[in-house]
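To start, I am sharing the structure in question, which I have written as structure tokens.
A, B, C, D, E and F label the chains in the order they appear, each numbered from 1.
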Amino acid sequence: MSERRINPWDEQLKIIKEVSEIMGLEPAFYEVVSRPKAILHVSLPVRMDDGSVRVFEAFRIHHNDARGPCKGGIRYHPHVDLDTEKALAAWMTWKCAVVNLPYGGAKGGVACNPKELSRGELERITRAYAAAIARFVGVDLDIPAPDVGTDAQVMAWFADEYYKITGRIIPGVITAKPVCIGGSLGRAGATGRGVFFTAVEASKKYGLQIKGARVAIQGYGSVGYSAALNFYKAGAKIVAVSDSKGGIYCKDGLNPEKVMEHKRKTKTVSGFPGCEEIGQKGPLTVECDILVPAALENQITEENAGDVKAKLIV
Amino acid sequence: MSERRINPWDEQLKIIKEVSEIMGLEPAFYEVVSRPKAILHVSLPVRMDDGSVRVFEAFRIHHNDARGPCKGGIRYHPHVDLDTEKALAAWMTWKCAVVNLPYGGAKGGVACNPKELSRGELERITRAYAAAIARFVGVDLDIPAPDVGTDAQVMAWFADEYYKITGRIIPGVITAKPVCIGGSLGRAGATGRGVFFTAVEASKKYGLQIKGARVAIQGYGSVGYSAALNFYKAGAKIVAVSDSKGGIYCKDGLNPEKVMEHKRKTKTVSGFPGCEEIGQKGPLTVECDILVPAALENQITEENAGDVKAKLIV
Amino acid sequence: MSERRINPWDEQLKIIKEVSEIMGLEPAFYEVVSRPKAILHVSLPVRMDDGSVRVFEAFRIHHNDARGPCKGGIRYHPHVDLDTEKALAAWMTWKCAVVNLPYGGAKGGVACNPKELSRGELERITRAYAAAIARFVGVDLDIPAPDVGTDAQVMAWFADEYYKITGRIIPGVITAKPVCIGGSLGRAGATGRGVFFTAVEASKKYGLQIKGARVAIQGYGSVGYSAALNFYKAGAKIVAVSDSKGGIYCKDGLNPEKVMEHKRKTKTVSGFPGCEEIGQKGPLTVECDILVPAALENQITEENAGDVKAKLIV
Amino acid sequence: MSERRINPWDEQLKIIKEVSEIMGLEPAFYEVVSRPKAILHVSLPVRMDDGSVRVFEAFRIHHNDARGPCKGGIRYHPHVDLDTEKALAAWMTWKCAVVNLPYGGAKGGVACNPKELSRGELERITRAYAAAIARFVGVDLDIPAPDVGTDAQVMAWFADEYYKITGRIIPGVITAKPVCIGGSLGRAGATGRGVFFTAVEASKKYGLQIKGARVAIQGYGSVGYSAALNFYKAGAKIVAVSDSKGGIYCKDGLNPEKVMEHKRKTKTVSGFPGCEEIGQKGPLTVECDILVPAALENQITEENAGDVKAKLIV
Amino acid sequence: MSERRINPWDEQLKIIKEVSEIMGLEPAFYEVVSRPKAILHVSLPVRMDDGSVRVFEAFRIHHNDARGPCKGGIRYHPHVDLDTEKALAAWMTWKCAVVNLPYGGAKGGVACNPKELSRGELERITRAYAAAIARFVGVDLDIPAPDVGTDAQVMAWFADEYYKITGRIIPGVITAKPVCIGGSLGRAGATGRGVFFTAVEASKKYGLQIKGARVAIQGYGSVGYSAALNFYKAGAKIVAVSDSKGGIYCKDGLNPEKVMEHKRKTKTVSGFPGCEEIGQKGPLTVECDILVPAALENQITEENAGDVKAKLIV
Amino acid sequence: MSERRINPWDEQLKIIKEVSEIMGLEPAFYEVVSRPKAILHVSLPVRMDDGSVRVFEAFRIHHNDARGPCKGGIRYHPHVDLDTEKALAAWMTWKCAVVNLPYGGAKGGVACNPKELSRGELERITRAYAAAIARFVGVDLDIPAPDVGTDAQVMAWFADEYYKITGRIIPGVITAKPVCIGGSLGRAGATGRGVFFTAVEASKKYGLQIKGARVAIQGYGSVGYSAALNFYKAGAKIVAVSDSKGGIYCKDGLNPEKVMEHKRKTKTVSGFPGCEEIGQKGPLTVECDILVPAALENQITEENAGDVKAKLIV
């Protein structure tokens, strides 16, 4: 059977359409939120280490700023998909609104493969990107953050380029910078910690015990690892984790720090001693109580939803 | 036989690729010019006369600014096609460069049908568009102009909104304003006049006489009409003209001003007394010496090229 | 006997002159504060619903900014009187200074009758006003607020226009916006609540009991109604209220919410069942313990001061 | 008989009203031009030479900027009259439009008596004024010039203060600066030269000969003196001149440079040897062919118009 | 024996070099911090009270802003020494970093002798200085403060000039303003209080009792006096103080307020009744427990270090 | 005998002092012009090709801007000497004033050796320099140009970085850019051409014939070569040229283009066939009619002045 591609933007539109009808909002509401307010799409000529010039396409989306300046991540990925990013920008609008933060939704990215770029190339791409969108971001306009493929170092380069262009030291222009230049304490593991807190609250509702619960995590980057650590410290058993190169299962539970050490050396969790290899999508369908999808969007689909065994998906 | 759609952007890329190879330019040149430098894509919520809110999509493209601030028209058309507009922006880059003007290439537009909008709605759309791209234009950055569906009045609204946003009176931000607020004399008929001058120069080369030459013109808007007037005054015979609703042919020549009077009353050149009706595409293939395609792009195609009888196409 | 018009600006000057002499301030002090620092007086051409253009006069006054950015309301009223507004701006300076807020005093207004304008006209006037004074306000310069004839919706239009002109989302530019776009909780009834708290403090000093006290309120807009509610909840008896169309008296006390329901339906408090009609100025001179003048300035004059029976005027 | 005060603003309104009706302009036109677009009214605290602080009132008026940035003089005079200045600003709008300059009309002034101020005080007032209106002027907004009571030195101080505030060297912000810092050659006597050229053109029409014509000039400041010189060099006979302290008449004609030398020494033209004393208003009614009123506005009134004997008033 | 001049900048470099080697920092670190990021050196033409123009040299140094906007004092002193000021700017970088404040280091000064300038001259120098460095300071760039020769009044003039140039009221641009215009409470004696707190902490470590401790203070300006007051209130005995004109010693302790009264009258602490005269450098070497050098840098040198008798130097 | 170092700044001061005394200028004039208005001294951390970070010191001097924005070159040289650069900035002030250009004087430079830097390093240094002084230059403030060690390519990098920082395309910010991005035609050889024109004018005065005149040129960079070409085309005989590595003499005259070809291959004029080697300083003292010193300043000194044999030094 052929795989059907889900368009995240269309999905989002469908949900918002339904919700706005249920709420009886006037049609103008849907008219407005069903399109991003503004998209800036730029080309970045960058000198590569071998002396050649490559041009990278990049963009930044403001979905909606009615409730305040926009907020949203920057993604570096070879196949930047505009509809996915538009959907993520819109979800930022809804997420901020739901928890009543005075922010709107944004998202951005560069079509590049950070795994194949040298540190110098990454820095030059980031600086070119920051310069190209410098007048499209700002503490009163749009405040980026890291996302897939970017980290605190990328945020630091972005901030530094922004300082150069504005001639001002404005740390508030971007979040998740290194702590020593104005980043927030605890920001590094914040998303994963949020996953854990959500699981704790949901567990209360569904009568689950975190202590002793079996947890499967798809994705072992910054989010997945931080979630794993939090669950581990709370007494849960990490039975399965995976990354883009493979996945592992261990009925008796894994020590997240040890797994990370292994991954740092071998570039993957796969091959961790004493585990069953279950592949990149393995954690989604293993026997577990709590499932944490911490890789990319749209992993649980019509095709595999029936195989999920977790009681709770966070 | 089915009509094959030509993608103007791909056409442009192919030509530039060939040219840059013939000229032996370094690959970075094509890398850079084969993508617009920046595209700003915005949504414009506008209050319609009936009280409803409609949201119009609009954009502005900077193809390349290596030789100076960008320059290019603003199009209002129901089916704004991004690839067409990207191509037109790129052609602005090449046109400015070829005649050695210190400008780069740009283009923009709003997806709307100006023929179905009231004057008030057109003004509100224009002001919303000007506000949305105000920081993406400017005398040192990008200087718009009219194009299909826009005119001096639209330029005036755009300028006024720009003045309001900048708090400055900067007529240089847009060209082809009404003369009384800083527009240039002679700008109204400039494009058509250029067509005529080009024909004059080409005629010298090909041994044609403008005086007495039979001229066919497809399109009878600002460009076609101005070209017709110039040919007419130089003694040429305007044998065929057309607009989006029809075309006419008159072996003995037409008086362009009379035809325009007719069009003002009936909204089309079609039905002008004493003429044969030849349809919208008629002028392309009538017997004539000089053919002026002054409607949209891509009218002469593989299919009809063989039927063109003109000695000169301008 | 003819009514003598009191000039609020001259009154204010007289008081400040006396105070500065009593305090032995150097003459330069009075020289400076006896004139507003700056007045911006503008004309606003606005398209009316009937297609005509009307021009509204408007202004914004900065009285003094020695202690910080200016702060003060925006009034929409047919007979905007510059001397009244100058005085109100000056009182803002003194009020901020007395409670040691780091703000100076401002005031502004548009000469228009909001009661005769459609919602669309009000929006267009507000946006024209915001654009005209955009460079005269700002978080570091002057922060407007509502006053007679303006409300949270007007603040929202003002903010939105300011965002458009600055290209930034700066909610701090104006206060009392709707809560959902960054307004403060509790701001709606704040002025009336302040009246009540002042009465509570004064009551302590003069040996009055709020509980059971008879309260008369002139004006039943945002301030008067909020004051009434607060007194009512504290056990006071609201014996009289009035608005621009009439006044009512009820010895046994009124339920403020019921009176407001009546006013919403009939556009006036007058005619509320079971009351004696006492006219717009009635509350000023009825039998009561506490009198709250919550309409316009200068209601208690030499002529009627002798008839006031309240023990406390707040 | 009591003197009737003419209100220049009302006069101007009456004329524009009539003209717009004759021309059949739509009512919105008069609605807009019958009010200045913006007036900025400021207070300037200035340290005087004796150590005291005085506060001067000052303003700047933009009458209309539809045709381009505003242009108009700065007046220093003890009795600055807002209606006079509004009228002068409006006349700048009409004068620029009539000769098709791309400028609108402005005017400004400080209520002070430059004759009683030291050079240091004048400089400090000028710098305070420049700072207070710095964001209300600019090459793209409003370009001041000298008027009664101000000269090239005042323009230089204004420019220098503007440079300090903007951090830029922008000589175009003000005209009639000293030539050495960017003023135009020939600007000093330009207004008087214009008077003369106008007389030359009018003379042709009315069959007058400039050579030998008898010229009377009221006012002997920059304008009157320059006019006198031009007429004198063209062979006209300067039979009468006056200034604020008196006037002189000499049937055989005066040498303008000698008269100016006398005025420089004695502060008035009065007392020039060999002349009849005719008082400040004398030139208006002496026997002459050409009369040049070069003092303040409204010198020829209903009362004295019948006594004017000149064939031409310029 | 000739006095050897210590270069504070070289001293600082030597220390930082050693520290960075001990810490094993990469060489680029020392490369960068061993030079100020930027120095702005300006000339200030100022009109003196006698009408002459004098030109004062002034500067502002940004040592490093990696951790946030720069912070540092403004010094008015006849012999401004660039190397000293560079060192002080660098020490600001280190001090902010050590206590983890998000600021970098700056310093500035004007080469003038404030003791020989009138109040008007001081104001004009300060305003000229503020204007000259206005684009080199700011809440997001560099925030000055007082230092030797400057006080709250100088800060107020600086702030006011900055407000004039920016057209904004931005109290955050400079610290230690008078409280009434936005200065912080307790700022006046903060440095001296800090000296005292440091002594308290050090005393705990070294087993000293503040109560009864003998304190000698070199320098009796804002810092020395505040320190004296704090020690006095804590029960310490102020046995010696000095200023630039002399020093006094009193075995039984001095009342700091009485000494200050004496200094206000006579311009020096010297001559205070009942004391032994010990000269300006006397406090450095008297018998005492705690020594507070609160004058200029580099008072304790190789030559006199052996004579210091204090147990604690703060 | 030891060589005495001439301080160009002191030299310049001495001359200006004398001139201002001869002209009887008020002392304030010399006070002001004897100090640069502003010097910005910055450090530029730059990543070198070997991965290390080096920090280059750089500066920009504004000597005086009374007559307009400053103008002056940018020098890249290992031993940037502040006093030399200050003098060159001052000379720019005087040169612009003498020929009545509305510009003041500036100069700048980076302490680096462009001959030892790769193209990439030069670009990164230039971009860092442009960013560091971006707010100190501008069309209304200071317009740089090339000088020793910099060329059109450096200007292009500078302009591009300035565009990035301002977000505007402002070719006027720097002169001598490559023609294709807005540089002026004829700018490349302008300085040498000016030398030639000056010689032509001086020759008329001193009765010299350019045709046949023997010309010696010290320095064979952009200036010397362009001068040589101009003299050669006018029929003069180029008898001697030199560069930093040596000098050549040819009694019968040299063909400048051939010499340049030789230099391009061998990096020096020295060794050109058929010439006598005379060393770098040779041209100063050879037998010739016209001597052109086109290397650095201060080549003709007390020591060698007696040996100069030219009739004319340009």
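In this section, a contact is a pair of C-beta atoms (placed from the backbone, for glycine too) under 8 Å apart; a residue touches a chain by one contact, two chains touch by 3 or more.
Just so we're clear, the structure is a prediction, and the values are computed from it rather than from any experiment.
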Item to check | If a chain touches subunit C and subunit F alike, it appears here | outcome: A, B, D, E
Next on the checklist: More than half overlap in residue numbers between the two sides of the subunit B-subunit F interface, or less? Answer same or different.
Outcome noted: different
Checklist entry - Given the two chain pairs A-E and C-D, which is bridged by the higher number of C-beta pairs in contact? => result C-D
Next on the checklist: Based only on mean CA positions, could you tell me how far subunit A sits from subunit D in angstrom?
Outcome noted: 68
Item to check | Distance between the centres, which are taken as Cα means, of subunit C and subunit A, whole angstrom | outcome: 49
Checklist outcome for this item: In whole angstrom, the CA-centroid distance of subunit B from subunit C equals 55
Next on the checklist: Residues of subunit E that contact two or more other chains, please.
Outcome noted: 135, 167
Item to check | Pairs of chains in contact (touch as defined earlier), listed by label | outcome: A-B, A-C, A-E, A-F, B-C, B-D, B-F, C-D, C-E, D-E, D-F, E-F
Checklist entry - Of all residues in subunit D, which touch subunit C in the complex? => result 27-28, 31-32, 34-43, 45, 52-55, 57, 132, 135
Checklist outcome for this item: Counting only contacts in the complex, subunit D reaches subunit B at residues 65-69, 102, 104, 138, 140-141
Item to check | subunit F - residues contacting subunit A, complex | outcome: 47, 120, 131, 134-135, 164-165, 167
Checklist outcome for this item: So, in the complex, the side of subunit B touching subunit D is made of residues 167-171, 180-182
